[in-house]
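Look for chain A in each of the two complexes below; its partner is chain B in the first and chain C in the second.
On to the complex of A and B.
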């Protein structure tokens, strides 16, 4: 049983290497994004003593570095290809086999995460030597445990959001890409904390966001790691993320069942 | 639900199968796109309109019909890919739509233009992955792989990146991937499409051999009559979602081959007009003439020709199979074969 998905992991890894250039471009994009955010904040904090929205230069640097690593773990995913597989009819290949499609893609996501995390660590080390931001190592065990839990939930959340968006292709085969762009590139980037920490926003907006799944992808896990949340707040954030994961994973399952009835295995 | 034991000798049962596709008509332009979002103009395509047949274990069936007849749709339903609108289907004792792992391990669907091989990796990687997906033991896998590789002569191609292979080479490797788990029920959808004549012949031999060796039940669709003449004793003909014929191939020929073809080579000039009294002139390329005559009077017609005309050479032939099938399609009538009368 596990050996099935171990093999999927291996072949997925090989596949990434077949597309070395793509992968390198993707990493370059990530580093560029890092620089974009970094220099944006760097100009805001040109005076090292200035404090904006409760952040000074060092704090924001730590945040941006944390995001670089966390992105690789949470937002690297191969399941972006699902919409294409549905609309091209390639889904047929999996439906004919005794394999669980979700586990298959989750495994491929995990292999992508492993590869990306490896590269992100190397990139972060180089950038670290160049920029010398203050480094923060969390040593409190309960907090680390909370962080781990929140990252696992973030991974599940992103997986289900990605799947839900991709499954639009069952009903609107040509919409797959635009839906993906809207939700994954725009909404997730802005509301997850990838570009700015959520707590620079007005309190009212923060309040609303904290009941949406998006900030639980990057912002909350990182806040937990950085020790910005206290015990009760950590528990609350994990509970909300957990509730969202349950709701979304359940939706994925029912949308999938409905989608399959609609599936026509087109493209011959 | 049909009783499993009662039908244990049946590999495939189809009763009253109906499939309607719902298509939303796209209107042009931005306004059109909006209006079809708000009030979609839905149209129902009736692809399968209630068909019945059953197939015994180990049978090899030709499934024929003109474009759009519903062949591919039927095969997709039988392999659990698409949801039937209504009707009963049972394959290898399972309801295909449940897609139980035990069911999926028993079947395979091979489509001429569909590929499962990982495009950027050598085929052997896909095979290895299929080994674990189908939970084959190492030894069963080795045995199966070796047999398929030697039958299909693909030993030298296993380690080449799939994208670098020719269509024919790729198709053979696709076949290996589809058959590694030794399916008992096989659906071939136009397996010889795009292959050259030698490769087509090889594919046919392979299908026949697989059927014989593993007692596999096979349904084969093809527009290539050569495939059917060689392979299928029994054929099922469908058109516009309806079953036209189900029975022995020879029975179909008897029913529709009402004529025979006489090919004559004349040694001297003749009066073409007087030929018309003997049979229909189908092709005139003097001194070669092709006549078609009623089956029952073929011998008489030939004798008459030999007596009254300067005949150099003469042969009597059956109508080409394509012609017969065309007639079946054109008639659009349901013909009672042995199978559908019972």
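On to the complex of A and C.
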């Protein structure tokens, strides 16, 4: 069984290299998006002694570089194609095969994450040498362990959010792209902390957002890494992320079952 | 060229306006076939605007200024970016649908019609979502712009330079479809163009050299977006305005040359 998904991993990895230009251009886009965020914060913190929103220059630029790497690990996914497969009726091919659809896409996501993370590390190293920003290195082992745990939960969270959004195609086949644009491109992008750290927002809004799953994708893992959360706050954030992961994974399973009852393999 | 007659220009303009109207109407009808999807995209665009606006609001609440610009000025840069970006997306949405024409060879059907192929490829279907967002955007620009207390000359320069920015955007779109004919790659190229333009959401002054220079002269995002906004604030010199206009002329001319070169390379493969 393991070898089956290992083969999926290898094939998916090779597929990314089949469309090399697409992949390179995708990474170029990531770097350009990085520039906007990096130089914005670089300007705000041009005075090295300035402290705004609880960040100094070291921590905010570490946050920006952290986002570049964490995006590759958490937000890289191939499961964006699920809505298309459902609406074209291609899902039938998988239903007939001795393969678990979720495991199949999770494996493909892991392969995409491995490749994107590899490139993101190279890009971050080059950008680091070019821009020479100050960088905060976390050395506290329990905090690093909390960070690792929060990243694993973030990967599970994003997988379930992405799958739930894609499954809208069971009921509204033409809405796959617009639902992804609304939830993944806009809501996740802004509320996960990919553009700005959530703690620049007023406390009331931060309070509301802390009960939603989105900040647990990027913002909270990086807060843990930067040491801005300690002890009970780390445990609380991991518990909330864990609870959301459980709820969303359960929802994915329930929506999947309901969707299959509705699925009529149109387009085949 | 010998058949060129000046009196024919209004007639030709009217004919193309009619064609554009019909193509836009068809595009609108195909949009309303997918009302729910349309609503999702519309909500996404509004949310993106609102989130970024809120970000600037709270950021400048903590820092007071950004690269020396006040809150109103920073918002004005952001609104000018949205205006240029939205109008160009409204007019040139067809560029996003150009690749299938080339890959399938159906571009032949565009070439044989008695309509300019570049016009058809660029403006073959206006985007109704962007049309809805343009009037409130203009209202916001007027509201924030008036608060900056510009003179008549500054306001005139702003309008002139926004049009200049749209000419640069046109040149970019022509270059993208020309490159598409030669390489068959459009989807990522147009998104890279969008990412580059997105760097103009905030004044290009925030970027360090040599990136700032590149964004001003090499990839003239600064001239497209930052320059018009600065003109309204009275922060540009006559040399800056003339250079900006000259650069857009060069970019437009070069893009037309590139289009002609690309047409000669079109092989009609798969048709």
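As a convention for this text, the second predicted complex is superposed on the first by the 263 of 268 C-alpha atoms of A that agree within 3 Å, B and C clash if a C-alpha of one lies under 4 Å from a C-alpha of the other, contacts with A are read in each partner's own complex, and residues count from 1 in each chain.
One rule holds for everything that comes next: a residue touches a chain if its C-beta (ideal position, glycine included) is under 8 Å from a C-beta of that chain, and two chains touch if they have at least 3 such contacts.
In this text the structure is predicted, and so the values were computed from the model without any measurement.
Student: Once the two structures are overlaid on chain A, check if chain B and chain C clash or fit side by side.
Tutor: Pair status: fit.
Student: Considering only the touch criterion stated at the top, classify A:261 as touching first (chain B), second (chain C), both, or neither.
Tutor: Touch status of A:261: first partner only.
Student: Quick one: is A:95 in contact with chain B, with chain C, with both, or with neither? Answer first, second, both or neither.
Tutor: A:95 sits against chain B, while chain C stays out of touch.
Student: Once the two complexes are overlaid, how big is the angle at chain A between chain B and chain C (Cα centres, nearest 10°)?
Tutor: 90
Student: Report for A:83: first if it touches chain B alone, second if chain C alone, otherwise both or neither.
Tutor: Neither partner.
Student: Which chain, chain B or chain C, ends up touching more residues of chain A in the combined arrangement?
Tutor: More residues of chain A are touched by C.
Student: Touch test for A:52: chain B only (first), chain C only (second), both, or neither?
Tutor: A:52 contacts chain C only, not chain B.
Student: Once the shared chain is lined up, is A:22 touching chain B (first), chain C (second), both, or neither of them?
Tutor: Second partner only, chain C.
Student: Examine A:157 and indicate which partner it touches, taking first as chain B and second as chain C; both and neither are also allowed.
Tutor: neither
Student: One more residue to check, A:43. First (chain B), second (chain C), both or neither?
Tutor: second
Student: Return first, second, both or neither, reflecting whether A:238 touches chain B, chain C, both chains, or no partner chain.
Tutor: A:238 sits against neither chain B nor chain C.
Student: Between chain B (first) and chain C (second), which does A:181 come into contact with in this model arrangement: first, second, both, or neither?
Tutor: Touch status of A:181: second partner only.
Student: Shortest C-alpha to C-alpha distance from chain B to chain C once the two structures are superposed, in angstrom?
Tutor: Across the overlay, chain B reaches chain C at a minimum of 5 Å between C-alpha atoms.
Student: Enumerate the contact residues on chain A facing chain C in the complex.
Tutor: Residues 21-22, 25-26, 28-29, 32-33, 35-36, 39-40, 42-44, 52-53, 172, 174-175, 177-179, 181-182, 185-187, 190, 195-196, 200-202 of chain A touch chain C in their complex.
Student: Report the residues of chain B in contact with chain A in the complex, numbered from low to high.
Tutor: 21, 72, 76, 79-83, 99, 101, 104-105, 107-109, 111-114, 116, 118, 120-121, 125, 128-130, 132-135, 189
Student: For chain C, which residues are in contact with chain A within the complex?
Tutor: Counting only chain C, the residues touching chain A are 34, 36-41, 43-44, 47-48, 51-52, 54-55, 58-59, 62-63, 66-67, 185, 188-189, 191-192, 195-196, 198-199, 201-202, 206-208, 211.
Student: Where on chain A is chain B touching in the complex?
Tutor: Against chain B, the touching part of chain A is residues 3-4, 6-8, 11, 14-15, 18-19, 89, 92-93, 95-99, 260-261, 263-265, 267-268.
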